[in-house]
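Chain IDs A, B, C, D and E follow the sequence of writing; residue 1 opens each chain.
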Amino acid sequence: MKLRLENVKKSFGQTKVLDGISLEVAQGEMLCLVGASGSGKSTLLRCINLLEPLDDGAIWLDKEDIAEPSLDPQPIRQRIGIVFQSFNLFPHMTAEENVMLAPRRIHRKTRDQLRQPIMALFERFGLKNHMDHYPDQLSGGQQQRVAIVRALAMKPDIMLFDEITSALDPELVGEVLEVLKALKNEGMTMIMATHEMAFAREVADNVCFLDRGRILEQGPPQQILSDPQEPRTRDFLGRVLGNQ
Amino acid sequence: MKLRLENVKKSFGQTKVLDGISLEVAQGEMLCLVGASGSGKSTLLRCINLLEPLDDGAIWLDKEDIAEPSLDPQPIRQRIGIVFQSFNLFPHMTAEENVMLAPRRIHRKTRDQLRQPIMALFERFGLKNHMDHYPDQLSGGQQQRVAIVRALAMKPDIMLFDEITSALDPELVGEVLEVLKALKNEGMTMIMATHEMAFAREVADNVCFLDRGRILEQGPPQQILSDPQEPRTRDFLGRVLGNQ
Amino acid sequence: DQCATGKTLEAGKLTIATGNPAYFPWVIDDAPEQGKGFEAAVAYAVAAEMGFESDDVVWVRAGFDESIQPGAKNFDFNLQQFSITDDREKVIDFSLPYYSSAMAVLTTKAVVDAGAEPTLASLKTLKWGAGAGYTAVPVLTDLVAPDSDALLYNDNTDVTAAIQAGQIDVALFDLPTALYLAAVVVDGGVILGQFPADRMENPDRFGMLMEQDSALKACVDEAIAALTSNGKLAEIEATWLSESTGVPVIK
Amino acid sequence: MANGSAGLTRRQAYERKLRHRSLIIAGGSTLAVVLAIVLLVPLAPGWEKVKYSFFNGEVFIKTFPKLLNAFVLDVAIFAWSVPLIAALGLAIALARDVRNPVLYPLRLFGALYTDLFRGVPVVLVVYLVGFGIPGLGLPRPWNSPYIWGTVALVLTYSAYVAEIFRGGIESVHNSQRNAALSLGLTGQDVMRFVVLPQAIRRVIPAQMNMLIALQKDVALLSFIGPVEIFRQAGVFKSLLANFTPYVVAAAIFLVVTVPATRLADYLITKQNRSRS
Amino acid sequence: MANGSAGLTRRQAYERKLRHRSLIIAGGSTLAVVLAIVLLVPLAPGWEKVKYSFFNGEVFIKTFPKLLNAFVLDVAIFAWSVPLIAALGLAIALARDVRNPVLYPLRLFGALYTDLFRGVPVVLVVYLVGFGIPGLGLPRPWNSPYIWGTVALVLTYSAYVAEIFRGGIESVHNSQRNAALSLGLTGQDVMRFVVLPQAIRRVIPAQMNMLIALQKDVALLSFIGPVEIFRQAGVFKSLLANFTPYVVAAAIFLVVTVPATRLADYLITKQNRSRS
C-alpha cells in the first residue's frame, strides 16, 4: 500500500489551484497537509479521492495509475476513504444506516451479516449508544466520529481527512483527534489537512506545507514546524500559532 | 432631558428577563450597560424604545411616563433613537434614502429641504461618497455608521446603542467607536450596551452591570471596571478582559 | 335481422346514441327508452323498419365531440339534431335526412317592445348568441352578419341563461327547439321569426351519425327512405313537433 | 407569572381592559357586517330570480345525492391518477438528470415534455388526447374516455410534478452526493438511497398544491364524456334550467379542498420556518 | 489555461476524445429515436385518419388567421385582469394582516375569501359569476360577459395572489419592521415603505407562475359567451368536424407560455440560489 502523486495539476477556470504536486505516502504513514486557506489542501484530497478529475499528472496507488481518465472511479473510491470538514452524514438515516449503506450495496451483505462488525466499530469509537440516532440528534463531535466510522466500514486502504475538527467546538476537538491517534496506531495510511499544529507535531510522520497550489516545504514535523526554511512558512506558522 | 427608569419589569412567558430595573441618565450623560449574554441588556433598550411593552414599572422622559400602556408609542419613538447590533438598514434603499425616509414621512419635509442637513451628517461621519450606495455595497462598519446617521437624522433627545460593534471585523470597530466619541462631545445623551470594556472605561460617565435582569453594580467606570465589589462582576470582567 | 345482421355493435341489438341530456321536444323527459319525443319515436320507427324489436334497442349517451373523433364508436348510430354538412361527411357518415328544420330567432318580449322586427336590417343591430357546436353559427354569420360579434355557448341552456341575464338579445335555434324554449324555458320568450328551410342555401337537414364507412349506412338509409315514402315520418313529425306555420318569415 | 389576581402588573391590568373592549368591538363589527349582507343583498332587484336560479333549495335536495354520487367518479379518477403522475413525474425528473451521452435523447425528451405539457391548457390536452389517441384505431374497451382522459391528466400533471421533483433533486447539496460517491456507491445508488429520499421529503408541500389543483381539474374530463360531478351538474342545469347544481358542486369541492389547502399551507409554513 | 494546442494536458486530451465520441453518440441516438418516431407512427392502423383529424394542413391554413385573431381577445382579457388581480390580491393580503379589533371583520373576510376562491374550480366560478351576477338585474352594458368573466378570473386569481403576497410579507424579517418603527414611522408607513417593497420583490417569481396559469385559464371565459381562441377552435371543430384547430390553438399557447415558463423558472432558480 503506497500512494505516490506525480506532478498533479488542477485548475478551476483560469485559477491554478494545484500547480504540480508530487508527494509520496508509505504504508502506515500519516501525512499532514498544512497551509493557508485557499492553498489547495481540500482540492488535493478531493483529487486523490477522484471526486475532482485531474487536469494533468498521475496518482499511483501501488502499481496502478488511478488518475487515468478512462477508469471507472467507483471501485477505486472504495479503497480510499474520505471524511469532510462538514461531516456530510445522510440526514434521513440513523447513524447505523449511514454506516451500513455502502457495505450493503457494494459488498452485497445483509444487515445481519453487518450488524456484528459495525457494532464493534461503533463501540470502539464510543458511539455504542448512538447507533439509532439521527444526525440531528448528535453533537458535532459525535457526527464527525460517525462519519469516520462510515468511511472505515468500507475497509479502505488509505484514509483522507479534510480539516475534520474545524467545524467543532473546542471541547469536542479532542474526542475526534483521539480517534485518529488510535487509527494511526493500528497502521492505517492517512493524509490529513489540518490547522491543528500541535496535533500534527505530535502524531504526523511527515508534514507538507502548501502554498498557492505548490509544495513549499516537506519533511518531518519537528523540522517543518519548528525550523521552517521558507519565509512564507514562517509567516504562516507565526499567524496560526499566535491564535492558539 | 433626563431619563429615569423605575422598577421596570419584563417577562417572556415564564422567564423574567428584566426583574425590577431602576436607573437614571442625565442630560449629556453616557451610560454603558455591561453584563453576560442573556442578562437582559437588549431587552432593556428595546423596552426604553417601546418596541417591547413593559409588564410593570415606569419610564420617565422628563415629566412624562412614556411606559403608560395607553399612549401611542409612535411620537415617543421619534425622540428616542436606537441602533441595533445587526444594522437593519433597509436593503432596497440607498444610504441616503434610508436616512431620508423618516424625516420625509414624519416631519413632512421634501427631499430638497433635507438634502443639505443630511449631506452634512454623511460628511461628518465620513460617508460622503457612499450616499448613493445600497447597503449591500457597503462594508459592515459603513453600514453601521449609516444606521447611526439614520437615527440621528430624526434629531432624537436620547440615543440607544445595542452592541453596535459586535458584528464588525476588529479593524472596523474603531471607526464606529470614533463616531460615538464625537457624539458624546456634542452633548448627546446615550445608553449603550457593550462588551468593549476599554471603550467604556475611556468614554462612559457611568457603567451599569446587569445580571439576570437585575442591576448588580452601578457607578463610574473607574470604580466598576477596576474595583468591582460583587464576585459575579469580577468573574465576568475576568472572562471578558481575558479574551481581549 | 336481414340487412343489419352482423353489422351492429352487438349481435341482435341496435345501439342508439343521443345527447346527455336529450332535450325536449326531441326526447321527452330525457328518457328515450319511452319512445316519446320526435327523435325517440323516429329511432324506434327506424329500428322496427330494420327488423329490431323495441327491446333490442339499447340507448347510450354520446356528445358531438365524441362522435366526430376518428376511430371506433360505441353506438350504431347517433341522433341528436346533427346537421349534415360536406365537411362533416369527410370524417363520419350521415344517413339520409330524417328532418329538415327551419331556423328560428328566439328573443324576449322586452327586446320586441324595444323595437326589434323580423327583418334582416333590424336583426343586424341586435346582440346575437348561439350554441357553438351547432350549424346555427354559419347561418348567423352568413345570413344575418350582425354588426357586433356574436357570443357563443356550450349548449342551449347557457344560451338561454345569457338571454335571461340580458347579455344577448336574440339567439338562433332550429325551429322546434326555439318553440320549446320560448314557451317553457325563457321568461317572456318570443319567436321573432324564421328562416324557412327552403329559403336557405344549405338548409338544416338532420341526419343520423355513423362511423365512417359504416356497413350499416345502407340499411339505415333504406329504412328512412321507406318511412319517408310511406308517410310515417311525417306522421311522427305531426305528433311531436308543434305547428310552425304561425311564425313569421324573416324578410 | 406568579402574581395573584389582586397583584396584577400595570400591563396586565391594561391588557385585561383592552381585551374586553376589543372582544366587544370585534364581535360587534363582525355582526354588523354580516347583518348588512344578510339584509341588504335580498333587496337587489333581481335577487328573487338569482336566488331561484342559483340557491334553489328544492333543486338542491333533488340534485345533491346524484351529484355526490357523481363526485365518487372524480375521487376515483383522482385516486388512480395520483400514483401514475407520481411515477411518471419522477421518471421524467430523473431523465432530465441523466449524464450519459447515449441517453441524451432522454434528457432532450424530458425537457421538451415539460415545456410542452406545462405550456398547453389542460382542457386542450384533455381534448387532444381524449379524442386523438383513441382514433389511432384502438378497439373497445381501449378507446375509453376514462382511460384517455386520465392519460391526459397524467401527462399534464406529471410535467409539473417532474419540475418540482427536479427542483428537489437540485436542492440536495452537492456535498451529499460527493459523500455518497466517495464511499464507492454507484451513481444509481447515490440517487436512490441518498438524493431522492431527501429530495422527495422537501417537495411534499409543493406536491400537495399540485394534488389540490389536480383534484379540481378532474372536472375537465367531463368534456370528453365521463359523467363526473361537473358534467352531472351540467346535465341537471340543462334539464332543470337552473344553476343551483353548480353551486352544490362548488360546495362539495369546498368541503374537500379547503382542508387540503389548509394542510398544504401548514406544511409549507412549517418547512419555510425550519429552513430559516 | 495558456497551453498551446500542442501542449494539451492529459485530461484535455482525454476530454477532447470523449467530447467527439459523445457528440457522435448523442447525435446518433437522437437521430435514431426521431427517425423511429417519424417512420413508425405513420404505420399505426389509424394514423391516416388521426393525421387527417388532428394535423390537417389545409385546416391549419384555413383556421390559423382567425384563431390568431381570437387569441387577441385572450391577450386583452389577460392584460386588463392582471392589474386588477394584483391590486385586489394585495388588498386581501393586507386585510389579513390587520390588527385593529374594529377591523376584525376584514381579517375574517380575507381568510374566508381565500379559502372560498382557492377551493372552487375556476370553471365553476366563471359560470356562477358570469351568469349569476348579471341576473341580479343589471342593464346593458353592465351585464356584459366580458366584465363578469373577468371578474370571475380576478376573484379566483386574487385569492391565490393574496396568499403569495402574504407569504412575502411574513418573510420580511421582524427586525426590519422594528427598525422602521423605532424611527417613529407609523404602522402604515412601515408597511408601505419598508415591508411591501421587500416582500413584493421576493414573490415576483411565484407571481410569474400565477400569470402563466392565468394566461391559460382565460380560455375558460369562452363558457359564458366570449369567442376567444378556445371557443373559436371549438366552432371550427364542429363546422369542419376536425380537431386540427385545437392543435393550432395549443401551438399558439405554447409560443407564449414556453418562454414565460422558462423565465419564471429562471427567476425562481436565481432566487433560490441567492437564498442559500
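Please note the rule applied: a contact is a pair of C-beta atoms (placed from the backbone, for glycine too) under 8 Å apart; a residue touches a chain by one contact, two chains touch by 3 or more.
No experiment lies behind these values; they were computed from the predicted model shown.
What's the minimum number of touch steps needed to get from chain A to chain B?
Contact-graph shortest path, chain A to chain B, evaluates to 2.
What is the chain whose Cα centroid lies farthest from the Cα centroid of chain B?
Taking each chain's C-alpha mean as its centre, the farthest from chain B is C.
Which of the chain pairs holds the record for C-beta pairs in contact?
D-E
Per the centroid of Cα atoms for each chain, what is the distance between chain C and chain E, given in Å?
Taking the mean C-alpha position of each chain, the two centres sit 39 Å apart.
Could you put a whole-Å number on the gap between the CA centroids of chain D and chain E?
Chain centres of chain D and chain E, defined by C-alpha means, are spaced 16 Å apart.
Taking each chain's centre as the mean of its CA atoms, how far is chain B from chain E in angstrom?
Centre separation, chain B to chain E: 48 Å.
Give the residues of chain A that touch two or more other chains, as numbers and ranges in rising order.
Not one residue of chain A touches more than one other chain, so the list is empty.
For chain E, write out the residues touching at least two other chains, lowest number first.
Answer for chain E, listing residues that touch two or more other chains: 46, 49-50, 53, 131, 135, 138, 243.
Can you tell me which residues of chain C touch two or more of the remaining chains?
Residues 65, 69-71, 161 of chain C touch two or more partner chains.
According to the definition of touch, which chains form touching pairs?
Chain-chain contacts present: A-D, A-E, B-D, B-E, C-D, C-E, D-E.
Show which residues of chain E lie in contact with chain B when the two form their complex.
175-176, 178-186, 189, 193-194, 197-198, 201
Looking at the complex, which residues from chain D come into contact with chain C?
53, 127, 131-132, 134-140, 143, 145, 223-225, 227, 231, 234-235, 237-239, 241, 243
Chain D touches which residues of chain E in the complex?
It is residues 21-23, 25-26, 29-30, 32-34, 44-47, 49-50, 53-54, 101-105, 108-109, 115-116, 118-125, 127-128, 131-133, 135-138, 163, 167, 171, 212, 216-217, 219-220, 230, 243, 246-247, 249-250, 253-254, 257-258, 261-262, 265, 268, 272 of chain E that touch chain D.
Please output the residues of chain C touching chain D within their complex, sorted ascending.
Residues 20-21, 23, 30, 62-63, 65-66, 69-72, 74, 155-157, 160-161, 185.
In the complex, go through chain C and note every residue touching chain E.
64-65, 68-71, 85, 87-88, 90-92, 127, 129, 132-135, 137-138, 149-154, 158, 161-162, 164-168, 212
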